[in-house]
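My questions all concern the structure below.
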């Protein structure tokens, strides 16, 4: 049988499938259906230095080919996460990727400083879609220069490998990827949600503006993964609209070393274990002994 | 019965529904099913100064919630369009919006210069997603400054009202809309396709990279229309994923004065007449005497 | 809790836009407490997310849901025909907590009854029920609890008290004087706010079933929050910490 | 040409991944010429665009299509069951032009036969047919034209000539010597290129039915182009100017 395990920043992951940040609670919420140890790695909800309340409702809305969310980064803060939830992952020996953000550069740096290296922590994942308060609310991930600066500083502070998670709403995502690479980034997570809005024609209003995720995002994310993985020589985690194992394999072939699954879990809470199983089946059926045989195969 | 006609740049249009550029041939292709005079206005295929061959195949690909195209702007050029196809619209007394592009600033200006005012020409629609050869292939529509300059020059050359058609792949579409407005644009068409790619996992390759259109684009386009129509006081034409009359009404409510329908025609060649009828029915059912009663109603 | 395949047994229009949907589950659900809900897959290709519905009734692999058509999801749902396949994730959330009281008072209106129906069935006969709706036709919705002698308010006065259900409750409050009562409610925010105004003075115990838009239904996404008076962490998940909350903890 | 509602009559697996689909149209299609095609809605929510298929046969409101499963659209199509609803847009494109010749030679292979089947039926008995496939099992595909005595090539030699169909044709070319022949073909690009090589010297008239990915099927999108030798406008629409082209106009 094929092995679908992989080494990611020196740590062994059972498989290349993770949850997308913000779509699998804080820790044990999924346990009545399946265990987090099923995952290649668990990605935390976006964490900030201080707890954050988030946006008023409505926070989620259904859209034909996906969904819109405007959670507003609600979270209990890094400290409470490590006190209350991290021990659960230690008990379950599940590798963790810590997604974090800040509203100022200092907050990003303080976050990175607070997170201590641990056998289980595979990487930090910097969410660069967060609004930069000092820059009038424009997100950090929009300009190559801003990305370069913040990545450089974060890399100077933490010994843990750092992934930059990029937003698709930019002039050219490859330029952003290059800037992060030049600043020393260890890997990229592509992509975050795409800004979007809903009109409720019955009530004649725009009930929600927020981030669009789900199947509609897939070809946009695939292109980002394909172009960026050709442009920069660091591992990439693909995310956006992955609903089944074929979608996951598409991302691997486009150049991703691992994938994350978000909205699919809301449609089918067993989506992640099914995708993991499906990748294994794909590998067996196609005589693929090792995922490296297909990662980036479309580049040739 | 409600009227769904409108005045657009001083011309009377029967209804607010147009085809999206590049999705309804050159002129009479649809005639065996329905007549172009059904349209509020006919939008031409993207035209350039000289004829252009376009890309090799595959040029179109199916995606779960839309399609990808990479036609590559094939067209017979402005001259042949006006010689061979424009008389058809004259015969049919159908208002025309002329979509055009160039690979250099000069080509845009030459195009605008060549198109003579005519009773039937409602506006020119500048496709700003075209690669700028002098800027290394980055499209004209990516930077507020570039947009400002080219719009200013085009406006200085033609007496015909000019619409700028914007790409969603930018840092902030509102900044681009503002730049076009400051340069004197008469209206905006929002949005063009979103760059995307497909992976064919059976053949382990990326068969096509191109522009993503269809239902997946709708919430992205709605947000662009909503934000830009609040930011700039010129009429906006909404386009992206409109499949039925409810979708069209959503765009009007978000702030569009008219809409364009593209990919839907490939799924259902009668989509446009059905949408026109559906808007009329919506207006009647909701006691809306005039579309102005709903245009931008979500802003309040 | 599990995600269970189900088939439509029937999907019946009761009156105006109220429907009763019975689903046969491929295997039994866990133990159901009144106030719990399910996340139901709407069998329509244009509906991406599931929709939350209270468990109106449950027994022998049949789960019953009562719903009102209010938007695209419920519009699509009412087209589901006999034998159509769907998925039911549940039972979810924390239901009502039934403590010993002299009187349990259930106040509800419109489709809100769907949230307290199983509670009413469980409470046996020691409950006082108040139901409000727009006119006597809508009473078809509470047909099977009519035997519990609910006090009825209709906006048009076509049956019972003319006015809203909270005014009717206020008018009868004196009958509960000196008694140890607890209120259970589910309904529009306006109704809940009105109840609160009536009992503010006494801080009468009151459990509220809140309805919020949901994506996951079991704590994954933080989409369904309600604001509480907890200053440190005001937003609680309706699906996980709720959907039943102590009225006095809510920030309305 | 019109867009016509249709229902699946049957959708039968012939052999390996070949299927025969019969559709009952709600109203008759226009007059069908051999080589024309339809744009078929694939009844599956994950398939956005329609798919082009040659009209394999047509009569009395029943349109027949023969298809090979090659990707997600045809995979979904082969799951369509009896009575499933679909839409058929057609007849589309320019078919073959049948001119008076001494001999009409039809060369095809694999699923290519679907494009020339109606032509073969129309040509009556004055045609010489060459068919290539991988093995004798695949001949089930041409069962109803076996009576026309096609020359057969199989790659594994399990029936007829062992090798490809163009070699078989080359071997028999001398039999057409002095005759006024015209070739009709439909099949993979490699086959068409090989035919071209064989007849390059004589520039034998040859009509080719090309298959390109399509979005609209009738000239709206310029998605389906084929490259021709026209220098001014090399890319012609397969759906509108084709799908049948003069081999000598194509730039292969």
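By written order: A, B, C and D. Residues from 1 in each chain.
Everything that follows uses one rule, which is that a contact is a pair of C-beta atoms (placed from the backbone, for glycine too) under 8 Å apart; a residue touches a chain by one contact, two chains touch by 3 or more.
Quantities reported herein were computed from a predicted structural model and do not represent experimental measurements.
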> Of the other chains, whose C-alpha centre is the longest way from the centre of subunit B?
Replying inline: C
> If you average the Cα atoms of subunit A and of subunit C to get two centres, how far apart are those centres in Å?
Replying inline: 36
> Once you find the CA centre of subunit A and the CA centre of subunit D, what distance in Å lies between them?
Replying inline: 47
>> Taking the mean of the C-alpha atoms as each chain's centre, how many Å separate subunit A from subunit B?
In response: 34
> Which whole number of Å gives the spacing of the CA centres of subunit C and subunit D?
Replying inline: 60
> Do you know which subunit C residues sit against two or more other chains?
Replying inline: none
>> Give me the residue numbers in subunit B that touch at least two other chains, ranges are fine.
In response: 63-66
> For the protein chains shown, what form does their contact graph take: line, ring, star, complete or other?
Replying inline: line
> Among the chains present, which pairs are found to touch?
Replying inline: A-B, A-C, B-D
> What does subunit B use to touch subunit A in their complex?
Replying inline: 63-66, 68, 138, 142-143, 168-172, 194-199, 201, 204-206, 209, 212, 215-220, 222-223, 226-227, 246, 249-251, 253-254, 294, 297-298
> Where on subunit C does subunit A make contact in their complex?
Replying inline: 1-3, 41, 46-50, 71-73, 87, 89, 212-216, 218-227, 232-235, 240
> Considering the complex alone, what residue numbers of subunit A touch subunit C?
Replying inline: 22-25, 29-30, 32-33, 45, 51, 53-54, 56-67, 69, 71, 74, 76, 200, 202, 214, 263, 265-270
